[in-house]
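First chain A sits with chain B, and in the next complex the same chain sits with chain C.
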Partner chain A sequence: MARKESPCMMTHMTNDKTVDLAGKASERPHVEPRLSLQHITKRYPGVVANDDVSLTVMPGEIHAVLGENGAGKSTLMKIIYGTVQADGGQLMWNGRETAIANPSAARALGIGMVFQHFSLFETLTVTENIALALDAPFDLKALAVRVKAVSERYGLPLDPNRLVHSLSVGERQRVEIVRCLLQDPQLLILDEPTSVLTPQAVRRLFETLRQLASEGVSILYISHKLHEIQDLCDSATVMRGGRVTGHANPKQETTGSLARMMIGRDLPICQSPEYTGDSRFALEVRNLSAVSVDPFGVSLQNISLNVQRGEVVGIAGISGNGQAELLAALSGEDSVDYDNVILDGIPVGKLDAGQRRDLGLAFVPEERLGRGAVPAMSLADNAMLTAHRQAGMKHYGLLNYAATREFAKRCIERFDVRCNGPQSAARSLSGGNLQKFIVGREIMQAPKLMIVAQPTWGVDVGASAFLRQTLIDLSRSGVGVLVISEELDELFEICDRIAVLSEGRLSAAMPKEQTNAESIGLLMAGKAEKEVA
Partner chain B sequence: MPLLEPRANPSRLMQWTAPLIAIVLTLLVGALLFYSLHVSPLKAFYVFFIEPLETSNGWSELALKASPLILIAEGLALGFRARIYNIGAEGQLLIGAICASGVAIYSNGAEAWWVLPAMVVAGAIGGGLWGAIPAWLKTHFNAEETLTTLMLTYVATLLLSWLVSVPWRDPGGSNFPQSIMFNDNALFTLLFEGLRVNTSVFITIAAVLIFWVFVSRSFTAFQIAVGGQAPAAAHYAGFSSRKTVWLSLVISGLAAGIAGAGEVAGPVGQLTLSLSPGYGYAAIIVAWVGRLHPLGIVLSGILMAMIYIGGDAGQVSLQLPSAITGLFQGMLLFFLLGADAFVNYRLKRRKPRSLHKKVTA
Partner chain C sequence: MIENLTPILVGTLGAATPLVFAGLGELVAEKTGVINLGVEGMMLIGAIAAFAAAVSTDGNLAVGLIAGALAGALASLPFGILTLSLGANQAASGLALTIFGLGLSAFIGQGFVSYSLSGVKPIAIPLLSKIPLLGPVLFNQDIVVYLSFVTFGLVAWVLAKTRLGLVLRAVGESPEAAHAIGYPVIAIRYGAVLFGGAMAGIAGAYLSVVYTPLWVQNMTAGRGWIAVALVVFATWKPARLMLGAYLFGGMTILQLHAQGLGVAIPPQFLSALPYIATIVVLVLISRDRKLLQLNLPASLGKPFIAGG
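Showing the complex of A and B:
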């Protein structure tokens, strides 16, 4: 399907088309807005998620809602989709004031939503999954035909009879989109839809969205990625701290001006200085294969990799391609053969996580609450989780609480963790601040190798920049740093070399200068999606 | 519509007031119960909670009953923190009592000083081993310890029943299923002439202090707490979950075993079928009401002992049925669990039902 037109040409053409369309919309002032929100307010205990938010979407408009994590975008969308009720304000649907009590009322009005986290049953087929979400009675065979027709019409190739667990993440998203399209929506909401897609898949998604818009479907597109919004959207509402900080036409703005609206200041840029010190291997992975015990897990196949002191090596790829399994094998949470993992010259494959830490490993996991930190425990206690091996922390098996508090305090100061001191519970911190604490705690162990998974996942822009610079600086102090991330931009910003993990196989780590997002994207997609591309 | 909504932070206030609320509700419902049994609630409470403490014998009995409850609950609380639910302390207590009795029976006639210490050690080992079986089953076969510990209690009960009926039956005891009466060197010394309270309370006092230091200061207890609250974090930090299982079950079994030795070498003075009035089960409630805290458990252990003594007094002076003790224990746990819901949740506040109404109003 998509092979007929070159992707490049397509982008240009559709760009012109959408600009045109936006122009047409503004020429006809009598058209009723599809959706208009006025003065929406939503309070949660201790936080105002939406404060006097107003927003208007015209028919056929692709409207961006731009903001950082915690800006209130998702709450606003949930209010539109009926999963959350606003405390105050007005919602106008096609010119009439409307109360949307629940998602099925929203669907009946013609509102469809594609969530950031998919809600699909792994063991059912594509058609069965779609059937489950339909409010009306259905006939599976007829439905399969419709699924096929709709998916082809919008360039979303899908086999209706495949089981969901065999689909790639991009294909799963298509199922969610097709599920919405079958109900002939007038408004489609997409919540951070590209966070799990390769650059190629993002482009295909945008083509579909433009086609829908040209047919009159309004699209609300939630994202914090500036270049995507500039590429796709006709207009944008920018949010910060629950309030609207501006309306803009993203195509007439620069990334800098959009960023200022979104975070209130300029986007910080990371500095990667040269490294001239000792460059022995901090980590060598040799022919690591591991069969996953999880039926839906991914087995690692003959992975080899090395990380030198003084460099940041990145592993790109979409989660679920063996990332969890590789991290467990490297951190010591799973046991492998001694020679599979060599830490600073010492074979450690069979050692457990604590023993590897004794030898100079530090690790920041993807899940901060519940894995990197115990939610209900204080920061001081959480410091103890890995810092207990530092001098003075314990004597004869008894803990020295003064030393722990002191350690937590130093970590809080040095890494600018916003909290109420060492006694605040880990779960009371925002994602970004907790991440700063965990990264700080690990750096203060003076590691030889630092492994970080999704360093800035769910972290606001300011804290992300700080964390990225911290990792670069750490490497330049003679530490090997390995970063596993889904965010390609982030990897290109901080890494010296980048490898790709796809379907349990790791590509060779290429120096950043010798590769680009395009070729990394192809490697990320793996076999399954190449056929389609 | 759900009545409760989650709190942003768990309420520390509720954490400590929940036991008080549970006690008050237990007393209120108890008052209703007495009223329906045509007993004046005021008189009943007097008989239950005041009268026993008007005599030195009452205080002695209180210490005698609180001591094993506290000792067992301290051990259980350690495991409960790690979410290892040993509910078979009763069985571990019985095995402890059996092992201690074995020492007393086979050393009968030897006028040696070491008999009593050996009984305590044997009780500790027996209880510890009985706790080690579920630990082994859990670490090797992932067998649920709530089931295995409970089932092993039945095994222990039947083992006790066989021992006192066949090999260890007192030949001069007119066929009652009980062992010989133990010699003085196999019994704890009485603290006061004429009162049953004995030196075994010092074991409990020492244990409370040790558990207090251990829980509040030791790295091992920290590891256990992490394992209970966030298993993935314990795994991440390299804390062994097997070690937690073994420690929790063996230490709680050991404490229960010592309590069992304290019973046969104390007020019971021999091995009989009725050596424990359900201390092992009641200690579960004691641990929870005491908030799994080594000092909180001391208070809740004393409360539970009062319920035992009050239940006895109620049977004697008010002709209440013997089930009254169990009823009060059950109500206490029931109301505590109910009140505990408010640690993490609160009543939902009424809100305008819909956006529309709010706007037009």
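Showing the complex of A and C:
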């Protein structure tokens, strides 16, 4: 598949302003920027998602858009891909002002997008998924051959006939990328592409992206991971609160200086003091096996694990490898054998979630809205849902609302939850503040064991640091803490020991000092990915 | 034995044909994620429209069928506006459509109660209709039965083999993903709902113009509900829907013959038998979670609102 010479080489410059904005244009005066955004503005009720945003991408350039959650990166990409229309500003494509009305118009121009939350169809095959995004004549057999060819050429091995639900997350991302590549893109947008990949898979993705860039494809790389951007990108646009706070060459910056542009201050660092207290087991999991009834689920196979008081144990691994099933078995949503789960010395495997909480379990699920909290209910009412077992919250079986409000108020103050008080609805809080509230609610019930799933998913840097330090401090007060997370950096920051869950099997928990991201990554990839690799 | 079997099988096909049409229409709608419980109402509206059109054109079958299809599609339009454009609850809107269809068809039908049509003669296909047992059953039927075969083939082929079918399935699987890659989810669902309405209309037309060529209030007698149930029974697969429709049709006819032969079973029980069989099969199918989840359109019954 030969890549076409980009048409912009032939067109001469029509807009001097564009060239001024493009840092690189002065070095290569005859090349038009592939994409140039000028003063893009997008307002939503109550927020300005993009405020006077300008950025320029040259052919063959890997350009990073760096910013925290909520900085407006995703909105900007949606504007480029045509899923959202800007309220103001100009979009220049290969030197011409262009309006992109919808995603098919974007694809026709040569813009491809790999979504953060994949836009794949579970019950269709790889080829069918790709056919849906192509405007080519409908011939699945011929397409399967092309898929195979392109995936091999770019080192993205794929079986065109597999059903998507049976693919690993890394393979699903390959489907998305191959789908874009088959459209001969001139610009490829990747939105947080590595958030679900193992370190090894990230390296392979970067090789593919460099190969594409060397063939003249421009790449817009959205991320909040500083070292990745330094490793991969030629230039970066940094965003904060919907505005551009700077343009930089990430290779000439330090992570510190990039972080300051991104969050406006230095990156906070967690402190892990020594623990010298009682170190009995807060949790023992013994030979836990559970067959999943869900055909898209994963069966747990002979899982054993223990968590001592005073330590943070992390479970790394990509979601969909049994995390949901393990959490259900630990929290009490699923019933297992009594001896499979032992909480502070008491076998609890057959007890339900409420009974386990009575015995000192605290649990913060991954989905904050819907499982961690009821979106439409106030913070006070949400506090009551698990804290009703605390002394003084009930009076002869009737709820004491004054005590609940007081409890919520203390939680808001102690854990620095930014909101309009205990009566604010849970859904009105930002991800970080709601998570602080939920974690705080659980901590205030003085648990013996705290289980937290994806503690900082979608949470800004400041709140993430606060939450991580809170979990470490909780463990040092004599509580066993179990954290399940996809973010390896996070686990290495807060955990004392780390185990890996892959295809329903759990590796032995290794002290953090005796392992590294590389070997954890290999365990995460598990058997399936090694075979394709 | 064969002399007893042949009329039962011939009757089975006739009894099943309305179910085939209505079921295939509902299947396509549900494939895109829209569950329309208004099939019964759309069938009744189709039935009276077809009967009225046929009566005023001296029993012209084609005019009757077209009128039935148009009326059915028209009846499904308010359902589409409510559930697709306005995001209303699909179950409630569908139930309302059934109640509305029952009332409207009875109201229009008041003037047609005394009329009757001559019915439609079967067409024997040369040679093929001479095959023992199979011949008279499959190849000596009225034209609408043949049309139902063709419709089944078309629906099955489109869903399995064409881009249109792939898009329909994709929209039902994940409207968000389909929207993200640029498909007009709402327009596609409108198309499927209107197709479902037209098919239900044809099913009704077959009842009032061919099967029992006269108008009786509520003449569908729950067949629309059976069609909805058959879609689940078939786990959203056209071939299994055909099987289900013929099984149900067979039960209906068997029950008539059993009564005729004086079998010592209460006739009320025999009339209830097809419905009992449907319930039993539905329970058995619902127990197989894997089968259901791999075939169930993931967005079934959930409104999709673009944007965000």
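FYI, the second predicted complex is superposed on the first by the 504 of 533 C-alpha atoms of A that agree within 3 Å, B and C clash if a C-alpha of one lies under 4 Å from a C-alpha of the other, contacts with A are read in each partner's own complex, and residues count from 1 in each chain.
Operating definition for what follows: a residue touches a chain if its C-beta (ideal position, glycine included) is under 8 Å from a C-beta of that chain, and two chains touch if they have at least 3 such contacts.
What you are looking at is a predicted structure, and each value in this text was computed from that prediction instead of being measured.
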Notebook entry, point to check: Which of the two partners, first being chain B and second being chain C, lies in contact with A:293: first, second, both, or neither?
Noted result: second
Notebook entry, point to check: Of the two partner chains, chain B (first) and chain C (second), which one does A:375 touch, if any: first, second, both, or neither?
Noted result: first
Check: In the superposed arrangement, which partner chain does A:273 touch: chain B (first), chain C (second), both, or neither?
Finding: neither
Next item on the list: Give one of first, second, both or neither to describe whether A:353 is in contact with chain B, with chain C, with both, or with none.
Entry: first
Next item on the list: Go through the superposed model and pick first if A:119 touches only chain B, second if only chain C, both, or neither.
Entry: second
Next item on the list: Decide which partner touches more residues of chain A, taking chain B and chain C as the two options.
Entry: B
Check: Looking at the overlay, what does A:425 touch: chain B (first), chain C (second), both, or neither?
Finding: first
Checklist line | Touch list for chain C against partner chain A, complex | finding: 162-163, 166-167, 169-170, 173-174, 176-183, 289-290, 293-295, 298
Next item on the list: Flag every residue of chain B that touches chain A in the complex, lowest number first.
Entry: 7-10, 213, 217-220, 222, 225-226, 229-230, 232-233, 235-240, 351-352, 354-359
Margin query: Using the touch definition from the top, list the residues of chain A that touch chain C in their complex.
Written below: 82-83, 102-104, 107, 115, 118-124, 128, 131-133, 138, 293-296
Next item on the list: Give every residue of chain A touching chain B within the complex, in rising order.
Entry: 45-46, 85-91, 97-101, 331-333, 352-357, 363, 365, 367, 370-377, 381, 384-386, 388, 394, 397-399, 425, 427-428
